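Both complexes shown next keep chain A, but they swap its partner, so chain B is in the first and chain C is in the second.
After this line comes the complex of A and B, so read on.
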């Protein structure tokens, strides 16, 4: 296991005006599971490929345990990589696939076989060792790819959206397994996904990326609970953005003044976001901060109902709460739990 | 009730016609093949079993294998078979190495450069075979550009004979056949997920290991079609051996030509044709069977 540090990594593909990776710096501590999270095309794979040594940065350096590896070839970095397309070797059996990395390291046959058997046991595939990849289901192929990457005891395990091709149920099972395996073995991992839930489930640390740049990094709690930009907030499922002003002790929006959240760093113009799931509605004025509006729509969605409320300013907010019996056309008050309100620089 | 009475009686459906098997679509092609290939070749094979008689093109005479005995009892005759075989094998081998390298270059070239590389690779096919062959004669002759250059540099004392040797034939053939090989291998390379060799690299494989352990096994199908195409083209080539190997090239095809056009001994010539065909089929089926065995486990 190793600590990996990216310093000011920048990569621009030929023929493109904007860099795919723009001045990215981060540290992946030893034994930590770090996730790059962002929409498709934001430069996650490009960053991973640079860490893996499959592509060279135009600028910036890469260190592993303090050693500069910027110019070291992929073959010498001691990484274990799981590709989005899995990239299993189609002409080799499951056991040969898993053994490949050990063979390239010159390990003797008996030691190799013991390690392969153990790795296949970890992913519960021992009974399929003699099959070829095309004879396996999607989930089984996934496990082979994972075993192949784990067996070499990599300094860092790199996974590029490994579960995106799986159906929801299988994906959740694999996430739990990956969590268990990486924590049991104390693996340093760098994971890429565009799925915020997956990132929150698996990670010790999340790096939110947008257009090649790092938007915010922190623990899942920090990223989810205190997004610092509108982009991160939106990516973490926040909506109901309202313009606001903040001063030394107070935050005001939609004619309401409340206490200023501790996490807010801005002064002057800022934006407030309200998590739809944290809002509740009532026909009478509740205690504490609340906004009054006109109920425009109520859409029943089973566990919750989505209410759309027109505010006097003309802006709309959506609340998702258990059905509260209010009908469209009525006046209603909306209030929120403390964790549902976020504010950040506009 | 009235409604049912006046309703038209259900029309008797015509018995559904049994659809013709799609195999019938091959009929025109099969007819063509029978008339232009199987009939003439069969006729020649039959002719090879009639007593040798210059000027006789018809089937009269008793059945005999005397022509075959004559061929295998004379070193002058059967050595052509051996020479044809090794020249073709060597041509195929060299073409395979060069063609594979070119295919790799095309495969890894950026899309912008790719068109140009393909054009360069295909260039030998853009020139007529005769012009191309004379071009090589200018290059390789005793007073050719290559010898002049080597003499000028003082590397040799007197011209080396390249033209009218097996070497010249091989050079001439390889030059034309490389594009076929490259395109066959490329077809197989294109089917490989580019992440597969990358994955191998991340697991510590050197470039050589990626080639040997990943790319070569995965391109066996393309390699096999390239080898069969190039081998059959080499063994049956006539113009290049005739022009670059000289009148005594010692290749089976030039020998066949002499039998049919010069000595007019069609019946002995038919022996050569039959042997050439048998040998080609033997080599091709071996290559294809071997390739099928190597890929049976994983190719879908």
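After this line comes the complex of A and C, so read on.
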């Protein structure tokens, strides 16, 4: 296991005006599971390919345990990589696929076979060692790809949206499996996904990327609980953005003044976001901070109902709460739990 | 769909198959004719014309020539074709040039054999190459190469590049990636192209006729020249054997690659 440090990594593809990776610096601590999260085209896969050595940065350096590996061939970086397409060798059996990396390292047959057997046991595929990839289900193929990457005892495990082709149920099973395996083996891992739930489930640390740059980096709790930019907030499922002003002790928006959240770093103009799941509605004025509005829509969605409220300013907010019996056309007060209000620089 | 239409469609398919296959069946029936002329219906059953065909040194000698020539042309043409396919598929060049190269390399599939034959005759004679084996080998390599390029190129274009990247991240050098991953994955396609090329070379008459000399002839040309002076069922016998060999080749391609994949691209 190793610590990997990216310093000012920049990559521009020919024919493109904007860099795919723009001055990215981060550290992936030893034994940590770090996820690059962002929409497609945000630079997360390009960053990952640079760490893997499949692509060379135009600028910046890459270090592994303090050693400069910027110009080291991918073959010599001792990485294990799981590809989006899995990239299992179709002409080899499961065991041959898993043994490939060991063979390339010149390991003898008996040692190789023992390691392959152990790796297949970890992913619970020992009984399918003689099969070819096309004879396996999607989830089994996934495990083979993971075993092939793990068996070489990589300094870092790199995973490029490995679960994107799986259906929801299987994806969740594989996420739990990956979580278990990486924590049990204490693996340093770099994971790429555009799925925020997947990132929250798996990661010790999340790096949100947008347009080639790091938008925010932190633990899942920090990223979800205290997004620092509107982009991160939106990506983590926040909505109900309202313009606000903040001063030294207070935050005011929609004619309301409340205490300023501790995480807010801005001065002056800023934005407030209210998490729809953290809002509640009532027909009478509740205690504490609340906004009054006109209920425009109530859409029943089973576990919750989505209420749309028109505020006096003309802006709309959505609350997702258990059915509270209010009907469209009524006046309603909306209040929030402390964690549902986020504020960040505009 | 109405049952009448289904019936009509089946009858049409049957008629088409009959049209395609009846002449071949007729040749096989004629080949076991006991009489002295290729007549239909045959006058009794006999394998004597097979014996006569195999006893004729003009046939056996030229059959050996054709086999060795096809094997030689395939052995030389296959690596050339694979290399060309790699160049066309992966070379760094503008897409216009790529298209031009592909069309040029595949052109022997479209240009009539007789034109290729005349062109080769003129060129090789000008270059002073008069040895029939050398000329035939060069000409037949030209026949084999586009078939290998076609199947290899199709396979390369649908090749998942992450297979090579996976091998690379697992520690494989460029040479190891090629020999352990890329070529094995392409192998069925390469074999199919080579098998097609072998059959085309073995069956060719149009190109070969310009390249042989008085002492070296291929089997299709030996059959043609025999027919000018003789008219007996040994021609049918030798043709039946050719049908069998071609069929075996086609079955081989179907088994390792799938004919549809080759013809459909």
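Of note:
In the analysis below, the second predicted complex is superposed on the first by the 346 of 346 C-alpha atoms of A that agree within 3 Å, B and C clash if a C-alpha of one lies under 4 Å from a C-alpha of the other, contacts with A are read in each partner's own complex, and residues count from 1 in each chain.
One rule holds in what follows: contacts are C-beta pairs under 8 Å (C-beta built on N, C-alpha and C of every residue); 3 or more make two chains touch, one makes a residue touch a chain.
What you are looking at is a predicted structure, and each value in this text was computed from that prediction instead of being measured.
Superposition of the two structures on chain A leads chain B and chain C into a clash. In the superposition on chain A, contact is made by A:74 with both chain B and chain C. Applying the stated contact rule after C-alpha superposition, one finds that A:132 touches chain B and leaves chain C untouched. Of the two partner chains placed by the overlay, chain B and chain C both lie in contact with A:85. In the superposed pair of complexes, A:140 makes contact with neither chain B nor chain C. Superposing on chain A, the segment of chain B with clashing C-alpha atoms against chain C, chosen from 1-9, 55-63 or 145-153, turns out to be 55-63.
For the contact definition in use here, the residues of chain A common to its chain B contact set and its chain C contact set are 52-54, 73-81, 83-85, 87, 89-91, 100-101, 104-105, 148, 152, 158. Residues of chain B touching chain A in their complex: 193, 195-196, 198-206, 209, 213-214, 217-218, 295, 297-298, 300. Contacts from chain A toward chain C in the complex involve residues 52-54, 73-81, 83-85, 87, 89-91, 100-101, 104-105, 148, 152, 158. Remark: chain C residues 160, 162-163, 165-173, 176, 180-181, 184-185, 187 touch chain A in the complex.
Across the complex, chain A meets chain B through its residues 52-54, 73-81, 83-85, 87-92, 100-101, 104-105, 132-134, 148, 152, 158.
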